[in-house]
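Order of writing sets the labels: A, B and C. Residues in every chain begin at 1.
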Amino acid sequence: MIRYDAAVVGGGMIGSAIAYGLARRGLATVMLDEGDVAFRAARGNFGLVWVQGKGADAPAYAHWTRRSSDLWPALDAELAEATGVATGYARCGGVEICLSQDEFDTLAAELERLRVATNGEFSYAMHDRASLGQYVPGLGAGVVGGSYSVLDGHVNPLALLRALHAGFLARGGIYRPGSRVSRISHQQPGFEIAGDGETVAAERVVLAAGLGNRALAPFVGLVAPVFPLRGEILVTEKLAPFLEVATLNLRQTVEGGCLIGASHDEAGFDDRSTGAAMAAIARRAVTAFPALADVQIVRSWGALRVMTRDDLPIYAQSPRCPGAFVACGHSGVTLAAAHATLLADWIADGTLPGEVAAFGAERFDVRDAS
Amino acid sequence: MTAAYDIAVIGAGPAGMAAAATADGLGLATVLIDEQAAPGGQIYRNIEGAPLADRAVLGADYEAGAALAAALRGSGVDYLDTTTVWRVTPENEIGVTRAGAARLISAKHIVIATGALERPMPLPGWTLPGVMTAGAAQVMLKSAAAVAPGAVFAGCGPLLYLIVGQYLRAGAPIAALIDTTPRTNIWRAAPLLPRALAAGNYLAKGLAMMRDIRRAGVRVIRGVDGLAALGEGHLRAVGYSRGGRRATIETEHLFLHQGIVANVNLAMAAGCAHHWDARQLGWRPACDGWGRSSVDGVSIAGDGAGIGGAQVAELDGRLAALDAACRLGRIEVAERDRRAAPLHAARRRDLRIRPFLEALYRPADDQRVPLADDVIVCRCEDVTAGDIRAALALGCPGPNQLKAFTRCGMGPCQGRLCGPTVTELIAAERGVPVADVGYYRLRPPVKPVTLGELAGTAPSSDAPGGA
Amino acid sequence: MFETRRSPGPTVRIAFDGAPLDVAPGQSVAAALLTAGVGATRRTPDSGASRGPYCMIGVCFDCLVVIDGQANRQACMVTVRDGMRVESQAGAPDIAP
């Protein structure tokens, strides 16, 4: 059995970013992934690299998000150079559109809290509909106004995933798809990770299996009380470019199609598209952008977000099994830069610093794990 | 917003027309939904009003559709033409659009009869204007009474010879018939011949078609390699190699065909389980002898359940309707079985030809999976075979990860024109059985629907009762 | 170039890229255009390659044209109508302002 420096369980947005970072550090790394049909939150991302609204009541999260956002351009350039894959990343500015005064007031209050929590590092402005029009053309009469932040942007999340995988392989990483992990045993030192058809040995193991972490974390003495929250996305036909900024619920891709969200349904492990969510998403989109009423939806998507009750990611290292880490959450795209650099480095060096202590497993009541 | 029917039939080809008329005859409140302006599906397209000056061009089999259409018109079926189905929900609601408005139709039982489409035939230049399918040539003939004189027909399978025969009867000159049927097929097919002879007069008809083509002196070319469509901005010639020499035939029209496969999109998006049929070289739904799918309340009839031809499709439709009537308590099991017995027998007999035809006309491997890297596999997104192979080298386990990495399958056709190719290409590159590769995860809308139409299906928050 | 084998009869007038076309009623826009000698009806958004009708049964989505101002309509699925304005598509369409 080959003994790796690190085994990453999960080839999604978080797993592949960490695996890429570890390989970049020169660690012999294997990434174990499920087969073609799997929940894979990483195939259902919207693609926002988003700072506004994150961590208004959790300063550590606001700070972590901002750090990642600032590291993004360097990651993008590095991936382009290493793999030739263009991720379509742009820090184009972000808008959240409000369709009622209530939404507007709630958002304004939240963003103000975020500004205060970051000592003014987070900058934004609230606009009425007329003024918001400078960023977003063709707003409908039902739009009350919205927020704008220059710190936000977007990326093609699938291209990002491909780039991370390609970058990982280019750095000598070993990718094992079709290897759904069922058991991890602590060999003291090191770990044996058993997947479909093969077992690998590694000095470190990083559990980045998304919703699968709930079952796997206890093997290394940790808890990961994550639960699925379904989100649905509609995708339009390709259109000539009309929207430069990214909005929270609608953004235009480099290819021209628009991705439209959002929905949040606790529906267990059911990732099917629902008529109700599709209709609600469409309704909101047409209210915000009446000119899109005649635009066709050519496909829809649904995926299960990896949620925690407090909305924060989980980064934990096991006291009982040194070298075992858990990493999961719902903002894998925005945090990809931090994951590929900072988090991967800390894992390689063996310790998570105080900066991410707020995301540790200690914050969970043991009962959450059941 | 919703209407409740006993049975909703989707698709007005032979299976759908037969299912709807039968269901109505059994006293079920029936709706038949079809996206075209008139019934007939593909094989009986425009049966009520083909504009050809001489309809005999289309052949006697075509006329069989007239009776089905007449039965439909004479029945009490609620027939919704020019209506597109974009989803079937787990609650048996059908999302439809017509004239810019979307709504949901509910039914206790649904029969999906969306038929088949042509297996893609990816070759260099196949996306050039002027390259079309043999089915497209038939559509032009049936609905526009138009022929393309001097066209080249290429591929294999009975439908190709059918359209060539129709062109001959229409007096349209044919530049060439390039028959890509592998020569070795005859050896695989020969053992299946005796069984095939029991299947009525299919063989006789087939032989008659071949004889007519020979007698008309059509230039038939066999044993070719490197078939390609040539031109810039429009097809201007068809190229091929034969006996080590390269040749071209000048033409502005190339009609391709290498068999048909089930149109699986609606059934897959509705959650019906499918499996790879290694003989038919296509995905087909898992159905029982009555057409019941793996989803309760959804049956699949006709070529959409597996290629069987028009006569089998009609029988499928009748059987599905009988079964639905029984399931809904309208007739007893004994009555259903009694009525169904002759239909089952006829169906078994008509299906006897299939193994022979499937073996005889099995398309060549390299016509199904392009060898050359620069051949476009996904027409919607311009993804080539080489792009796919490069992504597979990253370790893509299947078509869904491949789709994520290359956009292959993300276009509006939702894999209808690339799916079978991708499945087989992945199997070939990874060295695994096709059945293990899987297919795209399909979701609604299976046909595009506008944002405005979708928004219109949201329950109104300010109307009483949400109506 | 497609030729007709139709019994002569009434026609309807449509416009294609501004030019008038007299076509037989009851057929699809794609069929009418092909019979009128039109080969390519759009250029793809990504590569700018010319495309025209391919399957004629509404499954390939290659015959996309602008009909009466609405883009990305499948020409093979729409029946011609007197006064209809059809335009070829070059790349991805603009949405109305």
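By our rule, contacts are C-beta pairs under 8 Å (C-beta built on N, C-alpha and C of every residue); 3 or more make two chains touch, one makes a residue touch a chain.
Being a predicted model, the structure only gives us computed values, none of them experimental.
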{"item": "Per-chain Cα centre nearest the global Cα centre, belonging to chain", "value": "B"}
{"item": "Which of A-B and A-C has more C-beta contact pairs", "value": "A-B"}
{"item": "Between chain B and chain C, centroid-to-centroid distance (C-alpha), Å", "value": "23"}
{"item": "Cα-centroid distance, chain A relative to chain C, in whole angstrom", "value": "43"}
{"item": "Where chain A and chain B are represented by their mean Cα positions, the distance between them in whole Å", "value": "40"}
{"item": "Multi-partner residues of chain C (each touching 2 or more other chains)", "value": "46, 72"}
{"item": "Residues of chain A whose C-beta touches two or more other chains", "value": "237, 255, 292, 294-296"}
{"item": "Residue list for chain B, restricted to those that touch at least two other chains", "value": "411-412, 448"}
{"item": "Touching residues on chain C, where the partner in the complex is chain B", "value": "1-7, 24, 26-28, 31-32, 34-35, 39-41, 44, 46-47, 49-62, 72, 76-77, 79"}
{"item": "List of chain C residues in touch with chain A within their complex", "value": "45-46, 70, 72, 91-97"}
{"item": "For the chain A and chain B complex, residues of the former touching the latter", "value": "33, 35-37, 43, 158, 161-162, 165-166, 169, 175-178, 234-237, 255, 260, 272-273, 275-276, 278-280, 282-283, 285-286, 292-302"}
{"item": "Of chain A, residues touching chain C in the complex", "value": "137-138, 237-240, 242, 255-256, 291-292, 294-296"}
{"item": "Chain B residues touching chain A - in the complex, by the definition given at the top", "value": "87, 89-90, 93, 95, 104, 271, 391, 394-401, 404-405, 407, 410-412, 414, 437-438, 441, 443-445, 448-452, 454-459"}
